[in-house]
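Take a look at the structures below.
The following pair of complexes shares a single chain, chain A, combined with chain B in the former and chain C in the latter.
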Partner chain A sequence: MHYLGVDVGSVSTNIVLLDEEMDVVEKIYLRTKGSPIKAVQDGFKILKANYNDMKIGGVGTTGSGRHIASTLIGADAVKNEITAHAVAALEIDKDVKTIIEIGGQDSKIIILRNGVVSDFGMNTVCAAGTGSFIDRQAERLDIPIEEFGDYALESNTTVRIAGRCAVFAESDMIHKQQLGYNKSDIIRGLCDALVRNYLNNIGKGKEIIPKIFFQGGVAANRGIKKAFENALGYEVFVPEHYNVMGSIGAAIIGRESAEKLGMTKFKGLNLAESKFTSTSFECNDCTNRCEVVKINENNNDIGCFGDRCGKWSHKIAI
Partner chain B sequence: MIVGIPKGLLYYKYNPFLQTFFSELGAEVITSEDTNKKILNEGIKYSVDEACLPIKVFHGHVFSLRDKSDIIVIPRIMQVKKREYICPKFCGLPEMIINSIPDMPKTITEPIYAISKRKLYNWAENAGSIITKDKSKIKKAFNRALIEQKGYDSGIKDENYRLNIALVGHPYNIYDDFINMNIVKKLNKLGIGVITEECLSEDLINKEVDDLYKRPFWTFARNSYGFASHISKEKQVNGIIYISSFACGIDSVVVELIKDKIDEFPFMILKIDEHTGEAGLDTRVEAFADMLERSC
Partner chain C sequence: MKITAPHLGNVYLAAKALFDGLEIDYIMPPLSNKSAIEIGSLYSPEEICLPFKIMVGNYIQAIEKGADTVIIPGSCGPCRFGEYGEMQMNLLNKLGYDLEFILIDSPGDIGIKELFNRIDRISTKSNKSGRQKIKVLSDAIKIMNLIDKIEGEARYLTGYEEEKGKCKKILNSCIREALKCNNPQEMIQVLKEYEMELNNIKLDKSKNPVKIAIIGEIYTIIEPFSNLYIEDKLMDYGVSTQKKLTPSWWVKNMALSPVKLNSLDIKNAGKEYLSIGVGGHGRECIGEAVLAHENGFDGAIQIFPMGCMPEIVSKAILPTISKDRDFPIMSLIVDEMTGEAGYVTRIEAFVDLLERRKVDALSWS
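Here is the complex of A and B:
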């Protein structure tokens, strides 16, 4: 039996396939590019081509697109990212005490004691220092995002960048760049600024003790990992599957739910061939004027989201 | 005469008083609808950009009443407790509105010092004289309004939930379901009961506040602090959720005071602004629920 985890995030959509031992058989990392449905379909195309005959015993979804993903594929569990990340990290190492997770739009800190989440923090309305900001800076400096962190490691000295706000950081970077500082020093300065901002904002008042895991897409950035180690004075571990930890957690939780129920709600891998359309409309039935999204699969409405009263989202049995 | 009462800010706390007072004076009282997208959009359009969300929403409520009312009540609430104040934006609220929303009808903007019956009656005399010259009528309306207000309890006290949280913050963030994205319903759905500060007696709140190194300057900060401090100490709930509007200066202080006091007790801040996408709030609330579930 195999288990599937799907994490539909703001920047990437990740799918993992786990075996009975909860080891990763396959991981697929795709860019969401604003179309969560298409991203999930693309992932399923790859799965179908390679694992068509595989028996799936349970499915979990997570990420900000977890509800839409669950509607598409039929999930046994729909879990928030905090719990999913914590479950995945604990599966790998029972001694984890702190998880630093930086994704596309969110950054989080999860404090674990005795194998359960004892506290967590998430960025508030501001997304400064998360993956999409770093992405944008890499693009602006014309450096492939994969190499961005390595530039920081080449630097011998750091240039101070304001990290409080993405707009301030960007203008500070531009000013420094126009003064002639080299790219690697500026990038190292940015890494330091992001870490400083993270620790002052999300990490404030939290007891950060080892063992520390660094996961989420931004953990690929070796410059940030180094900056965290310098600031904290502890070694920071980046797990092997750092960029799909959310989906690993979702798969584990999906398995638990399916086993409790004695069956899976999974709809199968044929999803790739279905034709999905989404339409949105403003419901005029009351003054809330909710923006309702309707998802249609092969001319059947399969789910609605976005209504406050539940009139639309409850109407269609998923 | 049609008197418009905007359903924003401290409406949720003092509505029975205002409503009864003006009705008893013989005016036809209308209130704006519950906060909705249109009110939010109008509020953001007319309010100064730097204001917090509840102030912007209040602008939207006033705008929605503008063309339906002969006169609009913009309560300039200065004090509700002796030697304490509330957010300074309330003192300037009428000016903010009159200068931001064009073609406003007449307004009632007399300052309200609700620290004693006599002080509050000063307001009633001034505000009432705009509607009627009959002093005995004003007095009668005032007394009726006070009785209505005293019998009113805005608090939430859920029972029969295995897990419970204290919902803390300014009343307009707690009781406006549009602003807070229906948080109470969301928590109930996750199997979590909600308790608010109104369920705690004034004495118990005062007792907690006495331990602070100085008296709190703001009334609502005092309530939030005293409530959070007491309820975490007595373990009457499993966790605390604080709803705070983005850029609120008072919250920035009181949140730190609470955090410092309650130590390891589960605590989460939800920042709200004009977002209508609920995914971010859902994730935080669900994760908090999971955490309480697994550790209790």
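Here is the complex of A and C:
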């Protein structure tokens, strides 16, 4: 039996296939590019091509697009990213006490004690220091994102960059470039600034003690990892599947749900061939004027979101 | 003359009954919604807090429907809310509306005589006799107390209900039916029927639901639109919630404040952490957090609008309470920019956290 986890995030859509031992058999990392339905379908095309006969015993979804993904594929569990990340980290190492997770548009801290989440924090109004910002800076400096962090490691001295706000950090970086500082020092300065911002913002008041896991797409950036280690004074571990930890957690939770129920709600890998359309409209039945989204599969409505009262999504209590 | 007043949770039911009973023409603004906040944000100063903006939206939507007299709740401090009355009058005047304002301030600041003068300006529009007016007023207060009680019970019993969604269904239809009534007596009757229905729903006492106290700034916890309907969401998750600050609490608190007998339990509970008032309901927030822990709640969620000074003070104290008592507390800050996705993620994760703490071996699903 195999288990599937789908994490539809703002920047990437990740799908993992786990075996009975919860080991990763396949991981697919795709750019969401604003169309979660297409991203999920693309991922399923790859799965279908390689694992058409595989028996799936449970499916979980997570990420900001977890509800839409669940409607498409028929998930056994729909879980928020914080819980999913914590579950995945605990599966690898029961002793993890702090998780630093930085994704496309979110950064989070999860504090675990005795194998249970005891506190967490999440960025609220600012995306400085998240993946999208680093992506943009790499592009601006014409450095492939994969190598961006390594530049920082080459630097011996750091240039102080104002990291409070993404827009000002960028202006400050440009300013430092015009003054003639070299690229690697500036990138190191940026990594330090982002870590400073993270610790002052999300990490404020949180007890950060080892063992520390660093996961999410940004964990690929070795410059940021090093900057965290320097700032915290502890070793920071990047798990092997750092960029798909959310989906691993979702798969584990999906498995538990399916086993509890004795069956899976999974619709199968064929959805790659289905034709999905989504339409949105403003419901004018009351003054709330909810923006309702309707998902249609091969001319059948399969789900609605966005209505508060439950009139369209057929929730029980109206 | 057509009177209007801003929204605050379910108070519109009592207001409707009051004006119906007094036979005064009134316009109820549409329930706070996206347009209200768009209008409010457009005309309000950028840095002002969320309640101000939603209220301005309420006024203007009512004015567009024909209201010409605006009742503005004020309180002369001690947080910025105290100046809102003056600022909102100024703002509406500048927009060129020809309006009459009735600013209701606390008797401690303007004197009881002036307060009666101002209330008189409303009640003189009614042709009812003095005795009838007093009866209508007491009915309106009764309605406010009843709906607060029904709402509180429905939200608390959710965790124990046998048929999922039953409490929410009753609460929603109670409000819907009450709104159809055209006089106070009829409304009281409807509310009492629903109160009875709620008392008779099937409960599973063996359940041990997650219980969360909702604490924080009074407007954002009472006006559901401003907190993105957090209590409804928690009801959907089968979580029992309770909030102490309700409109009826506020009235009682206000009435008892001149003799300093108001909310003694809350003040006492919190005095170890905060012994003086810091404006708004910052002190109450601390006391409620302690009480919630003592009363067996699993956690608390503090909600306040961005930039709310009293609640910023209490937010800084809450982690100490949380640590001392091993009691999880999460703070949520709302403003017109609040994105629902991140907000929901936090609430869900917090509920997960509390669930896991309750039953260590409980599965994640």
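Here is the rule we use: the second predicted complex is superposed on the first by the 314 of 318 C-alpha atoms of A that agree within 3 Å, B and C clash if a C-alpha of one lies under 4 Å from a C-alpha of the other, contacts with A are read in each partner's own complex, and residues count from 1 in each chain.
Convention: a contact is a pair of C-beta atoms (placed from the backbone, for glycine too) under 8 Å apart; a residue touches a chain by one contact, two chains touch by 3 or more.
Everything quoted here is computed from the prediction, not taken from an experiment.
On the superposed chain A, the positions of chain B and chain C overlap enough to count as a clash.
Of the two partner chains placed around the shared chain by superposition, chain C is the only one that A:A77 touches, whereas chain B remains out of contact.
Set against each other, chain B and chain C differ in how many residues of chain A they touch, and the higher count belongs to C. By the document's definition of touching, neither partner reaches A:K33: not chain B, not chain C.
By the touch criterion defined above, A:E256 lies against chain C but remains apart from chain B after alignment on the C-alpha atoms of chain A.
Residue contacts after overlaying the shared chain place A:M122 against chain B and chain C alike.
Contacts of A:G205 after superposition: both chain B and chain C are touched. When both complexes are overlaid on chain A, the residue A:R136 reaches neither chain B nor chain C. Contact with both chain B and chain C is seen for A:R289 once the two complexes are overlaid on the shared chain. Across the superposed pair, chain B and chain C both touch chain A at residues 64, 79-83, 106, 116-120, 122, 124-125, 205, 286-289, 308. Put simply, chain A touches chain C in their complex at residues 64, 76-77, 79-83, 87, 106, 116-120, 122, 124-125, 205, 252-254, 256-257, 260, 286-289, 308-309, 315-318. Of all residues in chain C, only 30-31, 33-35, 164-166, 168-169, 172, 229, 232, 235-236, 319, 328, 333, 337, 341-342, 344-346, 348-349, 352-353, 356-357, 360, 363-365 touch chain A in the complex they form.
Remark: chain A residues 64, 79-83, 106, 116-120, 122, 124-125, 205, 286-291, 308 touch chain B in the complex.
On the side of chain B, the complex with chain A involves touching residues 33-34, 36-38, 178, 182, 246, 259, 264, 266, 269, 271, 273, 275-276, 279-280, 282-284, 286-288, 290-291, 294-295.
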